[in-house]
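Chains here go by letter, A, B, C and D, matching the order in which they are written, and residues are numbered from 1 within each.
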Amino acid sequence: VNGGPVTTIDLNSDVGESFGRWQLGDDEAVLGIVTSANVACGFHAGDATTLRRTCEVAAVQGVVVGAQVGYNDLAGFGRRFVDMEPTELADDVIYQIGALEALARAAGTRVRYVKPHGALYNAIVHHEEQARAVVAAVRAYDADLPVLGLPGSVFLAEAERAGLTTVREAFADRAYTPGATRVSAERMVRLVTDGTIEAVDGSAVRVEADSLCVHGDSPGAVAMAARVREALREAGVDLQAFGGPLP
Amino acid sequence: VNGGPVTTIDLNSDVGESFGRWQLGDDEAVLGIVTSANVACGFHAGDATTLRRTCEVAAVQGVVVGAQVGYNDLAGFGRRFVDMEPTELADDVIYQIGALEALARAAGTRVRYVKPHGALYNAIVHHEEQARAVVAAVRAYDADLPVLGLPGSVFLAEAERAGLTTVREAFADRAYTPGATRVSAERMVRLVTDGTIEAVDGSAVRVEADSLCVHGDSPGAVAMAARVREALREAGVDLQAFGGPLP
Amino acid sequence: VNGGPVTTIDLNSDVGESFGRWQLGDDEAVLGIVTSANVACGFHAGDATTLRRTCEVAAVQGVVVGAQVGYNDLAGFGRRFVDMEPTELADDVIYQIGALEALARAAGTRVRYVKPHGALYNAIVHHEEQARAVVAAVRAYDADLPVLGLPGSVFLAEAERAGLTTVREAFADRAYTPGATRVSAERMVRLVTDGTIEAVDGSAVRVEADSLCVHGDSPGAVAMAARVREALREAGVDLQAFGGPLP
Amino acid sequence: VNGGPVTTIDLNSDVGESFGRWQLGDDEAVLGIVTSANVACGFHAGDATTLRRTCEVAAVQGVVVGAQVGYNDLAGFGRRFVDMEPTELADDVIYQIGALEALARAAGTRVRYVKPHGALYNAIVHHEEQARAVVAAVRAYDADLPVLGLPGSVFLAEAERAGLTTVREAFADRAYTPGATRVSAERMVRLVTDGTIEAVDGSAVRVEADSLCVHGDSPGAVAMAARVREALREAGVDLQAFGGPLP
């Protein structure tokens, strides 16, 4: 998977984050927009029935399913760093991928990549032991499974060293500089077609991304994701899962 | 799989039921005795690291691994009936099998059967909706996966109707009649070689079993399991997993 | 506490049912309508911070706080019957009341009644052992704490026998007869002022209630609750917590 | 509460750490040895029935009950640092104290101090925000409740600043220096009677302690605790809860 200027790009978003009585996000709408779905695995969010149904909709829509693995912390929604043993983290990651895979297969699809969630995602930008644990878990599960992460992170560096396919992502709805400026759809187009993004001071920052992350946990976020998709299409960018079309 | 008088029998036991700081049973000892291991899946017991290690020992010992699925109730150890929707139960079962399968594969083995645990096991002796939910889950996961259960149960009847391979079990350390008389090792030998068991009133009761369940959650239980194994061997019974030797 | 025609009535509703990242209901709106708040206790819903904040708003609004105790089942939102030992249920109930009481006091108020939630509420309409367990728990905690429940239930009968103050409730937004007819605000007024309610066949059914339960888990439910409140006020009914005004 | 050479000392130990099917430690034996019992509160260990029974035994034995509050992490037994918001931590602490208090009162006693557990205990030796959160929680619950902690910790410093009574503890069964040398019963006597402890290099280190922590989670630990108790008594030290005898 290469970065830089491209004519095709992947759009990914978190889904399957409802839990029992609690609904979160409009998964149906999001799955009509993105090409890759980061489906929760029950540790930070997502009961089994939610996961299966989300995978069913993804299968029908032709959206690729990925396992969004996280810390075992429902109350914190996986957003609190947990200083756990690498071995335990690795085993928790394998457990989560396998659990989602079983539901994905029952739904007529399968898990095609792994993306860490929340505090785990952030921790392994720098945390070497936990980064290696996640890499070891994916390798132990299926060494052909790509991993999604932040460009420049320890996680992606360790994954490459271990021979995993890495997918670099940029965020469509977060500013890349201090100051709460949200990145516009136009900037996403430029990111994809030029491989650069306009920083808040007007300069062009080089960003290599194979996938754009959009959010869908509020009506505003869904609308923003739809705008990004439309702007990319109008600019002639082909929206496609990073691994190519589904078989 | 047939019942009645046989010259080979399977011995199964629950393992992998430790959780975090809490140890339960002597899994190493048990895995040196049985031919099939009902490994917990994290819902009633078993953290991911416990499950992986248990599968590793089973793999080394040549013991077949089965998924012991249960209600999502750690505090109750899966021993309290939960009146849940069949759809949710089915999805919880698929989730559990997949989670254990992933850890089993990482440990060099795989899940080769499914056995419900505790209150779920007891409920689906009679509870049709939950029995069908478990059957539907196994079929959705892998229709070639055998299920272990109580002879005469709604669960095994539904499993047969659905085309699943069924394995009938008898209990080595529980009396078959009122009065707390424990079944002796000798009675287990007769059960296996004659297909009958002596009831407390002295009469012979026909019991068809493909597998004997022994317990290992106390030193006394482990000793009892070892005695059953020895008595069977001395009687010329071949101890072998119900599906035959591992590939 | 007496039933029959009255000129004052209590309005109660479930609140505090958000959990971590997941919001449920518009507690601020509901606490502007009702006189008694059934605050979750963390077992079926409600993290500690949600509970404290809900109690703070209740305290500011002058709304009485009750402990809504339930089964320990987040995934099922307390809506699945759990066949647990009465002793364990009683201890779980004491645990929940105490936990909420601590947060209520930190918020400047206190727990003034107990109302079972969901499947527990429904179970103890008939289930004698669990009904007695809840009664025993409330007595052990504070024998002066009233309990809210269904008129005619085993729970209220056992509570009375044990010397607890009982509060009978009617449901403002559920039909009292087959056929999904929702009870109108006008029928609630008649229920309160006449002690009868019009069944769907037009006949008058006698209902003795000390409190009306309204729901607030959707915008429609909040609007309905507001309508009931207005209709009662226009009919000259005084809205007041069943135990009288707060000290 | 003062440190230095004393003729009375408190012995504290963790109890109530069983959970459902899983037993941990010999609480009955431990409660026959110590003067203060750090009872778990359900977040890192301890179901409600375990907590109530533990409090009942403590009440019978005249042992003072304290609330051992921890992170909400059963799988990690509260031994993994969780980077949570101070507000959420404070509310979790209040929740736990209240829950245990209710069960303690049902058991005929009450919560008389608070001791953080495991990773939380260790974190607030240095972590200012979490230390202040625990202090704020105890103050909000009951400003008269003493807190147990490590001498020199940020936690005790913050507690003092907030006007809480602080109790400093030393560990009877952990070495005070690198090298796995365990502290002997004799050294504990010297610690109590001289206010110093012999380091592994032979030098005398000043340690001010109001309470000695002993462990009881293995037969060896219980025997060690009993030896410490005996050695202290033989040296003429009076074993007494730090707050004096129970009323």
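The working rule: a contact is a pair of C-beta atoms (placed from the backbone, for glycine too) under 8 Å apart; a residue touches a chain by one contact, two chains touch by 3 or more.
Keep in mind that this is a model prediction, so the values were computed, not measured.
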item	value
Which of B-C and B-D has more C-beta contact pairs	B-D
For chain B paired with chain C, centre-to-centre distance based on mean C-alpha positions, whole Å	43
Centre distance in Å when chain B and chain D are each reduced to the mean of their C-alpha atoms	42
Residues of chain B whose C-beta touches two or more other chains	47, 75-76, 88
Touch-based graph of the chains, sorted into line, ring, star, complete or other	complete
Residue ranges of chain D in contact with chain B within the complex	17-24, 45, 47, 74-77, 79
Chain A residues touching chain D - in the complex, by the definition given at the top	72-73, 75-76, 80-84, 88, 119
Residues on chain A engaged by chain B in the complex (per definition of touch)	42, 47-49, 51-52, 87-88, 91-92, 94-103, 105-106, 140-141
